[in-house]
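What follows is a pair of complexes built around chain A, which joins chain B in one and chain C in the other.
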Partner chain A sequence: MSNASRALQRQLGSALRRSLSIVLSIAASMVVGSLIMLWYKQNPLEIYGLLLKGAVGTQRSVFISLQRATPLIFTAIASTIALRAGVFNIGTEGQFFIGAIMGTYVGYAFKLPMVIHLPLALLVGFLSGAAWAFVPAIMRQKLKVSEIITTIMTNYIATFLISYLTNYPMRASPVTDQTPPVEPTARLAQFVELNKNLGRATQAHVGIFVALAIVVLVYFVFKRTRLGYEWRMVGTSSSFSEFGGIKLDRAFISAMLVSGGIAGLGGAVEILGVWRTYKNLFASGFGFRGLLAALLGGQTVIGSTVAALFYGSMEAGALGVDWAAGVPRQLIDILVGLVIFFMAAEGMWAFVQRIKWVRAPGTERRTTKDLEV
Partner chain B sequence: MTTAVEMKGIRKVFPGVVANDNVDLSVEQGEIHAIVGENGAGKTTLMNILYGLYRADAGTITVRGQPAHITKNADAIRLGIGMVHQSFKLVPSFTVAENITLGAERRNLIFVDRNAVRQSVQQISSRFGLKVDPDARVRDLPVGVQQRVEILKTLYRNADILILDEPTAVLTPQETRELFGVIRSLVAGGKTVIFITHKLREVMEISDRVTVMRDGKVVGTKHTKDTSAVEIARMMVGREVLLRVKKAPAKPGQVVLRLEGLKVRDDRNLMAVRGVDLEVRAGEILGIAGVEGNGQRELVDAVVGLRPVVAGHVYINEKDVTAAPVRERRESGLACVPEDRYVRGLALPATVEENLIVNCYFKPPMSGGALLNLGTIAEHAKEAITTFGVRTVSKDVPAYTLSGGNLQKVVLARELSAEPDLFIAAQPTRGLDVGSIEFVHQRIVDARDQGAAVLLVSAELEEIMSLSDRIAVIYEGRIVGKLEAREATEEGLGLWMAGITDEHKGGHKIDV
Partner chain C sequence: MDPQLVDILQRYLFNVANLQGMLRLATPVVLAGLCALISSRAGILNIAGEGFILFGAWFAVAGSYFLHSAAAGVLAAILSGLVVGGIFALFSLKFRAHIIIMGIAINIFANAATIFLTRAVFKQAGAFSDPSIQGLDPIHLPIIRNIPVVGDVLSGYSVIVYLTWILIVATTIFLYRTPWGLHLRAVGENPQAAETLGINVQRIRFAAVMASGFFASLAGVYLSLGHLKMYTDQMAAGRGFIGMAVNTFGRGEPIGVFLASLLFGLVDTIGWRLQGERIMPVYFVSMLPYVATLLALTVFTLRQQQARKQAAAANTKEE
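Entry: the complex of A and B
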């Protein structure tokens, strides 16, 4: 009994330590950031004040934060699913953009009533993201090719494929490499389009609800379904799972496909809600920031969502400082980067510990085995 | 008699565990001193402190009356302390002489003086009756001889206090006997031997005195001739223990597991199981005896479905499952306590509950359609914890918070609650303490009495002999002998385990 109650205490202690370390990493980033700002003869207090105000200070900044966070929630959840199931999907970036371009295509190429058109565009976004993850998933399970390599490579393929598509077959404008606009029937409404007092002068859109629905759904899948149990178990110990009768191929591949699918859905949502056309290279880094958010959030569904929201609001805050103080945007990006950097260092630590668990069960905190060397 | 080693008030804390708590140990010059205790009792930790591999947090060490400051391994070696670890530290491709002298070679100017090396090795080995060929490659030697090389290594470094950490764990009974001969000649030659073990019989046979440890503390030190195995077991566990399982005669039914000409490769792609034919009937325990590494692991893997079968067939309840996935075999009535408990048997970071349902989460009543029935699962977990007496704070704590014995109970609870037709128990009590062993044995016999066919694989001859109804001996991937358990003797099985079969056909005639 005492053994296990100590374990409980340890868990409580580790939660406390974790919160403390998050506070500390934010503090550390602010110390370093302040030094940099002093060097550039800026007032750190003022800048951090503006950053906070730009993130959550006004109704408008809250909406900008939401808009920025929306795609990151998708990629963060996508990464979380993969990490929890023990696969490294570094390809959410590519899956996101493939979902985006395919969603765009469905959005402009068809004329359908909204009840069909919008869900269809989202579905195609999901399916094409999943399809993009399919080859690395199969190669991992059947040919034992590291999915880290293949997913990174498929990111490049996605980038260049989209470059080709927007320059040639899908190009609509003679001036820019950009597709035709998405039909109104396939658009996710921006809040301001619904009510002009809501999120005025922002592009925040109802896609955030799609994102939150995915969060709830994935949370439910992890907690309450057979598939979720299989993902958790193969991620925790594939040897144990195999011995127990779980089909490893099915669990790993399905995790990869759903991960890719959610990233692709995120891409479609971003286009249909914000851009409404695909402009080549309109943005980048959604996949990597999502992965970071998943690590920051301790690879839990809720944690990653919170981290994605945090990340989004930091970006919004950076915009705010840019407009208000005329501080160079690059400097603000450094500040935000520092916050994330210090928090990620903390998140990486948790991740490394997890890896140790998975790779070498029985090496830590076992009461008997490690003492009987 | 003078005191060879005196350890006083030794304390060593690992994160979350007090491994040694105010431990006193006194070893006389020229005695064989056994240290016994359950796993995690702190025996090896104590010896690692003496050997300079760990530093004690508190306490003093005296060697031959002189205070000793052992802060590193080299200090201990300089003081004439040598240790033979459970897993040997030898270079397989080197010769015996090279292994013995490695790191302490005698040189002539630049090069290693091979002749001097060979001579000193031969001198030591003849003095203590440790026969080895100095020019043989270690990889070609049997385990028992490799162990001798380890002992020679310590003697070459002038050790006169030898620590042997569970030296018999990997030996056949014959090799054990030879080892005991070596130990006696060492002591006759003036050496002191500290002998770590958890096998009570060996304590009684070889030691002069015995120190019993429990939970990091010394329970007591006794002269072996003044005590008994039963008393030592009670000291180790802290309560009365049944050393032998009570069981009624078997009532074998129809064949549940049938292996035909089974051939399986190991991880290095070598043929590890080379044509095994076996039948296990409902209501009987077939014990497979053998020194580890003779194909047992691969055999079990192939039956469970974790390793491809090269040739031959596996039938469960007369259904050919040779190529079936694990789940199909489990659904055909298979359950298994695997040999590597912490790798396959359990997912340590997962909760106790999650560990308990991996073989049944996918079917009613644990789940309906794609959804898990969390309520039913919780009930199932609580019931399993109660029925099998798993000591845990709740079903929702990670498995790693449980002790080794309780973890094995979790595995047993999961596997047996499936009410299997075929129950495989591979090294089911390895690393467990006496109390847990008793429990596991009782459960295995219970499973048999409820009509399961039990395949017991164990390197512990005592376990095989006390549980089995029939015994098969495996050697280099083949079954070299089968017989009724009541006809088996340790000597006879030991010879088979060592691969000696020619002179002794027919098994039951080999009483020595």
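Entry: the complex of A and C
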């Protein structure tokens, strides 16, 4: 057998094994979910039916799914870039909201024609997200301080900074900690504003196309550019890539900055498309959910996008279940948490590897070394 | 001394109410810090403390509500800490799941599960309080309570506060005066060498994660039963991560964790006072622990790098 076909077989095998473990994980978590529903005195089949209906059952639910998925696509892609370069950017959460508040600021503080105003607000969102990732990136590369701890810290600093901004200098309402509304020239149009039959009673907006453009762009960067090649190489083996002439600092730091930037852009898009004003603590968890989507999607650009769409539509479905049957919508986060549990537990799937055709040759075994801080 | 300065010091720093506030606010942070400490000393970066605290807080209220006793609440919380810690350890150590991914999954799971449970069990959204929840009564220390000022500052807290002080001492003794503590430190500093010496690395780490679940669940108990006798969604409010901060700031030593927590407790009380008197927004003060940790990490590592350079320079000179 030639090397090429063997490599292809290996790739197919690992993809197959991966899909199988996803399917089994989802099935396992659905079983646990059914038990929860039975305890809640609900019929699991009915609830899963409602979940599906709420996710894709009607035109409206499809649009709600898109709206919920849009921010997750950004954070999932941001996480994917970092993970592929071997960095754990837990800071997407903070970068997302910093991008959102800065995008809001540009959105309400300036009066410009739309062709300048909207791109400017998005650009500022990107840049401020990247800036928020800068300190952890530098601390990791120059001081060898774990980016996990530093990005957790910057997340909280972002939360308090934004609480200050929305309560004092940017506050517009005497009643709530909320900024002035974004000028119409900086808004991303909602579908219903374009055509009143499209996504009626939803806030789905054209930001989904910005998200998809980023997906295509990042896919291209990974496949076709030197930067993407360097990210992949340093993520696979940093000592080998240094030997191969890749500047590690440049690769790591740029991956972290671009990751932060995309998260920040996602924040700006969420504000300009859905909310059009920044209400303090309007939501949370975009960064963490995006990270989970990236992990579900196997840390590939396409996989993470699909996973983010899936996660978003499940959230929409959970909203439907909450309205229709009174089952708390947090159920979906519980289920996704369980899927991650089952999927990440390689050791539990040891029996799967015993089946010959799903076994991937040369899969790495983790040692105690991986657990080290 | 300038009387104005004395006045400011008295108003904002050294008065009984402030010191009491400091000790109260520091307690859950110390416990979260011990949670981070025990796992980091075993060489594990455990970011699930936040989730453990949430479960601890929820089960403390549930236990106290259904069994009509604060002790039952404490036991239920500790049990939840051990169970969730055990699951976390099982998946990340035994099933070889990535420990950071597991930590994030646990945190999201805990957040969703406690909100879900509040709605499912108590039929309430957001928060749950009920007169039949038994809180932890304040303990008035004999003799000490009668000493002026000192009595006010040291006496009259709930049992968790005193237990926390005892745990600080106990953890120090454990780490430095017992063979298990020695094993734990060995595993944290050099797992391979520890393994060659016949120490069961996995078992030590498993126990360390369980212990971190125990500490974090007590932090949860203090949050829900220590003061207000109520459960609020997301009431951990980042304390699991502040615990990581004070552990870093206290350089992984129990006494360091305690002092760092006191500092943050003090800063917190001052912050609320400044906010109350409309001098400064509380947000900058709340930010301090996190900014301080970033600075501390920078300074520590710069110092380490310098020391290493000097050692290298000294070596070359000798040759």
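The definition used in the following text is that the second predicted complex is superposed on the first by the 314 of 373 C-alpha atoms of A that agree within 3 Å, B and C clash if a C-alpha of one lies under 4 Å from a C-alpha of the other, contacts with A are read in each partner's own complex, and residues count from 1 in each chain.
Heads up, the rule we're going with is that a contact is a pair of C-beta atoms (placed from the backbone, for glycine too) under 8 Å apart; a residue touches a chain by one contact, two chains touch by 3 or more.
These figures come from a predicted structure and were not determined experimentally.
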Between chain B and chain C, whom does A:123 touch in the aligned arrangement: first, second, both, or neither? neither
Figure out whether A:226 sits in contact with chain B (first) or chain C (second), or with both, or with neither. first
Taking the superposition as given, does A:246 touch the first partner, chain B, the second, chain C, both, or neither? first
Look at A:112 in the shared chain and tell me whether it touches chain B only, chain C only, both, or neither; answer first, second, both or neither. neither
Who does A:237 touch here: chain B (first), chain C (second), both, or neither? first
Which one hits more chain A residues, chain B or chain C? C
Is A:341 touching the first partner chain B, the second partner chain C, both, or neither of them? second
Does the superposition put A:62 against chain B (first), chain C (second), both, or neither? neither
Answer with first, second, both or neither: which of chain B and chain C does A:131 touch in the superposed model? neither
Both chain B and chain C touch chain A at residues 366, 368-373
Would you pull the chain A residues touching chain B in the complex into a rising list? 1, 3-8, 10, 224-229, 232-233, 236-237, 239-247, 354, 357-358, 361-362, 364-373
Spell out the part of chain B that touches chain A in their complex, as residue ranges. 14-17, 19, 39-40, 42-45, 48, 53, 85-86, 304, 306, 325-327, 330, 336, 338, 340, 342-350, 354-355, 357-359, 361-362, 367, 370-372, 374, 391-394, 397-398, 400-404, 431
Using the touch rule from the top, collect the residues of chain C that touch chain A in their complex. 40, 43-45, 47, 91-102, 104-109, 111-113, 115-116, 119-120, 191-192, 195, 201-202, 205, 238, 241, 244-245, 248, 281, 283-284, 286-287, 290-291, 293-294, 297-298, 301-302, 305
Which residues of chain A touch chain C in the complex? 39-40, 88, 90, 135, 139, 143-146, 148-150, 152-154, 156-157, 159-161, 163-164, 167-168, 285, 288-289, 291-292, 295, 328, 330-334, 336-338, 340-341, 344-348, 366, 368-373
